[in-house]
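Starting off with a structure, shown below.
So that you can tell them apart, the chains are marked A, B, C and D in the order they are listed, and the count of residues begins at 1 in each.
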Amino acid sequence: MNITVWNEYRHEKENPLVNELYPNGIHDLLADFLAKDGHKVHTATLDEVKHGLTNDVLNNTDVLLWWGHKAHEEVSDTVVQKVQKRVLEGMGLIVLHSAHLSKVFRQLMGTSCELKWREEGDMERLWVVDPTHPITEGIDECIELEQEEMYGEHFDIPTPDELIFVSWFSGGEVFRSGATFKRGRGKIFYFRPGHETYPSYYHSSIQRVIKNAVEWAAPWDTTIPVRGHSPL
Amino acid sequence: MNITVWNEYRHEKENPLVNELYPNGIHDLLADFLAKDGHKVHTATLDEVKHGLTNDVLNNTDVLLWWGHKAHEEVSDTVVQKVQKRVLEGMGLIVLHSAHLSKVFRQLMGTSCELKWREEGDMERLWVVDPTHPITEGIDECIELEQEEMYGEHFDIPTPDELIFVSWFSGGEVFRSGATFKRGRGKIFYFRPGHETYPSYYHSSIQRVIKNAVEWAAPWDTTIPVRGHSPL
Amino acid sequence: MNITVWNEYRHEKENPLVNELYPNGIHDLLADFLAKDGHKVHTATLDEVKHGLTNDVLNNTDVLLWWGHKAHEEVSDTVVQKVQKRVLEGMGLIVLHSAHLSKVFRQLMGTSCELKWREEGDMERLWVVDPTHPITEGIDECIELEQEEMYGEHFDIPTPDELIFVSWFSGGEVFRSGATFKRGRGKIFYFRPGHETYPSYYHSSIQRVIKNAVEWAAPWDTTIPVRGHSPL
Amino acid sequence: MNITVWNEYRHEKENPLVNELYPNGIHDLLADFLAKDGHKVHTATLDEVKHGLTNDVLNNTDVLLWWGHKAHEEVSDTVVQKVQKRVLEGMGLIVLHSAHLSKVFRQLMGTSCELKWREEGDMERLWVVDPTHPITEGIDECIELEQEEMYGEHFDIPTPDELIFVSWFSGGEVFRSGATFKRGRGKIFYFRPGHETYPSYYHSSIQRVIKNAVEWAAPWDTTIPVRGHSPL
């Protein structure tokens, strides 16, 4: 499968703490463990030409991962529209953590995608609420992260097609932290963990969820929708 | 509206602590605050003839509330089938707390309806995740109960039609604690709080949710389904 | 309730056949039967200043109805964003017929909202598939329209929160013709019938569905979502 | 994968027309094309001891297919409960045509599962409404069956988790003819076609849907739910 990992790649260059955790960028770590699963993985970042997402790259991407945080507004509308078009055609999309506010996700959801948040090192537990879902393969009933940014309800998203994880935070909040959405012929998975100052993407269960999600979101040879004028 | 509140009514007679909290039974308190809302409220309990649920009572009930815990198996299958039939015809059903294991709820869900539990006085917070829903009228973003029995995932229910509340427990669990289900022409609301040893049903927001749920579950003059043989 | 009926209002001025059917515009007929239901109804059209949708009008609208067809692109993005914002805040939205391609609907859905179509006078039957829904109050199992434009699957929308009507067309197609979507604190109903050259909006059951939809989509005093920074 | 095809196997022995179409029973044809897909396929029928569904057979079944029509009531409640238990544990279930009224399906749905029907050789078209779904792999936008029994709405099922096919019938009805339901850890697919007097199961696209459904319903190594007493 052809996977493209997109990362804003700013925190890692500007914040020594983040740089220490992810010296080559969050995209590099994500690409690394996905490549070990046998996928052909490409990376792309905000400051490349066209953010690294040329038509050629997007047209050859089966599943796109997206991590962004502080520079959502710098992503060009042309690229956002192209990503949306590709999702509607069947490309899978994995939206990670603070990418809930990315233009790409907001465009595909139609809502503000805002939420409640706090960076005070809450403990997080992600509980599985849909044990039929392939994204939970190899996952215990709960994934515990010692420290994470808190995201709390209300999370302004459309009703998910499937709710897979619900998070508990030590400070008293809950969050719909793993959810799927069908849009056009494409499948989208939003997955909450991954604040840049915590090592969540090194956690084996978090990696497993992302690997499962990539498999789940992959395009299949499903029905090609027919639309437009259809005379008798 | 004609409301029937059904209660097992055993704990209140056997446990002094529960008797002190609900001297005339949980049903009496529920009936009391619903009557103040202007409804015509009837009560029925397990040890009455036919558990107080004669055909006449059920045929004249718009919304039925159900609380049970330790004697689910004593409820006759005939009554269970009659309740199911009435729900499919359009009667609303509010399933409270430990009634998750009632025959009535399990029959209508088709699953085990089992869950995780602990009676150690956890604090509970019920967070609203669907702010469009009329059941949340007059409710803040969160209802806090100082002490309650813990119910945790995995809760073995079908995917709810609507998920309205998600609970946080101080011991570390989450729970889908307010959920709706359509069955036939009837509407069902499951609402988690209400362990017999805690005063949850005295809490004004809990009462408000139940009052809202009764309004929401009421039968409307909606389409009468047509089924059976239909020749050209 | 304060209702605003928005209409593109071009066909009626340009096509004599449409003008004969709706001499004062589709909005006028819709406004008329809604006013008879006791609502305070305002109308607005494309060629007015700001399309008649000033901030003042939108801020005072409980439910907005939208009909458009040939001039979707002339609607200003500023108005589209304001409508989206109002829906997320709680304003109801009823999207009629060819408004499936309106900027407002596409923005809120995140998909292309394209479909299959044919203007050859198919017979349409709208079958009720959700007999619990208040939008079906007073409606038989099926509404038959002698002639309508055909809309067929695949309709590129997100999975609806509720599917209420499915249409049958004499030429061989089906269509999800009555569907609800929650977005933010607002409720949206898409309803298929209403091609400008057919008298569908004069049909009593079509009027009844629209009247029911307005009641259903009305804002309630539900939970006000809290989002943003939330320190411990 | 270990597949068990269960068939009532009465029509084939009693009706010469059906016997000519399915000389060794509907189960034999289904088993045949599934075996060609590389599965290990077992068959079982009503008149065998325990209907051929011993604990040993069910415990070793990954996906169970069910066809029944005229003898639903002869299926023992013990077998029904065992099948339900196995589905909740993760066994896939494919419910075919008139098995909508089987005890197994009604038990898992909690509704009457009744519908409208007519045996007058309507033409049926099954339209794909979810082009993201793996069950549509290799399927065009529409499957046309020259003659089939008509099934029409209202179909008394819970809201499906996913609606994949909607049928159009030449006589004027529509039907939700391909739908998925999650129950416990198991996945269920209801698929409408397959009246015993028509050759629908010989149709290559119908076979393809059933083959896809078996793959989709297969148990995965997903999360094992934990329930019961959970002390601090």
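The definition used in the following text is that a residue touches a chain if its C-beta (ideal position, glycine included) is under 8 Å from a C-beta of that chain, and two chains touch if they have at least 3 such contacts.
Here the structure is a predicted model, which means the values were calculated and not measured.
Student: What are the mutual neighbours of chain A and chain B in this structure?
Tutor: Touching chain A as well as chain B, we find C, D.
Student: Determine whether chain B and chain C, two copies of the same sequence, contact each other through the same residue numbers or different ones, counting it as same when over half of the numbers at the interface appear on both sides.
Tutor: same
Student: Between 0 and 180 degrees and rounded to the nearest 5, what angle rotates chain B's CA atoms onto those of chain D?
Tutor: 180
Student: Quick one: chain B and chain D, Cα centre-to-centre, how many Å?
Tutor: Measuring from centre to centre gives 33 Å for this pair.
Student: Centre to centre, by mean C-alpha position, how many angstrom separate chain A and chain D?
Tutor: 35
Student: What positions in chain D touch 2 or more of the other chains?
Tutor: 128, 130-131, 141, 152-154, 159, 161-162, 173, 182, 184, 223, 225-226
Student: Please name which positions on chain A make contact with chain D in the complex.
Tutor: 90, 128, 130-134, 136-141, 161-162, 182, 184-187, 220-226
Student: Going by the contact rule set out above, which residues of chain D touch chain C in the complex?
Tutor: Residues in contact with chain C: 125, 127-131, 141, 152-155, 159, 162-163, 166-169, 172-174, 176.
Student: State the interface residues of chain B toward chain D in the complex, per the touch definition above.
Tutor: Residues 84, 88, 107-112, 114-118, 120, 150, 152-154, 156, 158-159, 161, 171, 173, 181-184, 223, 225-232 of chain B touch chain D in their complex.
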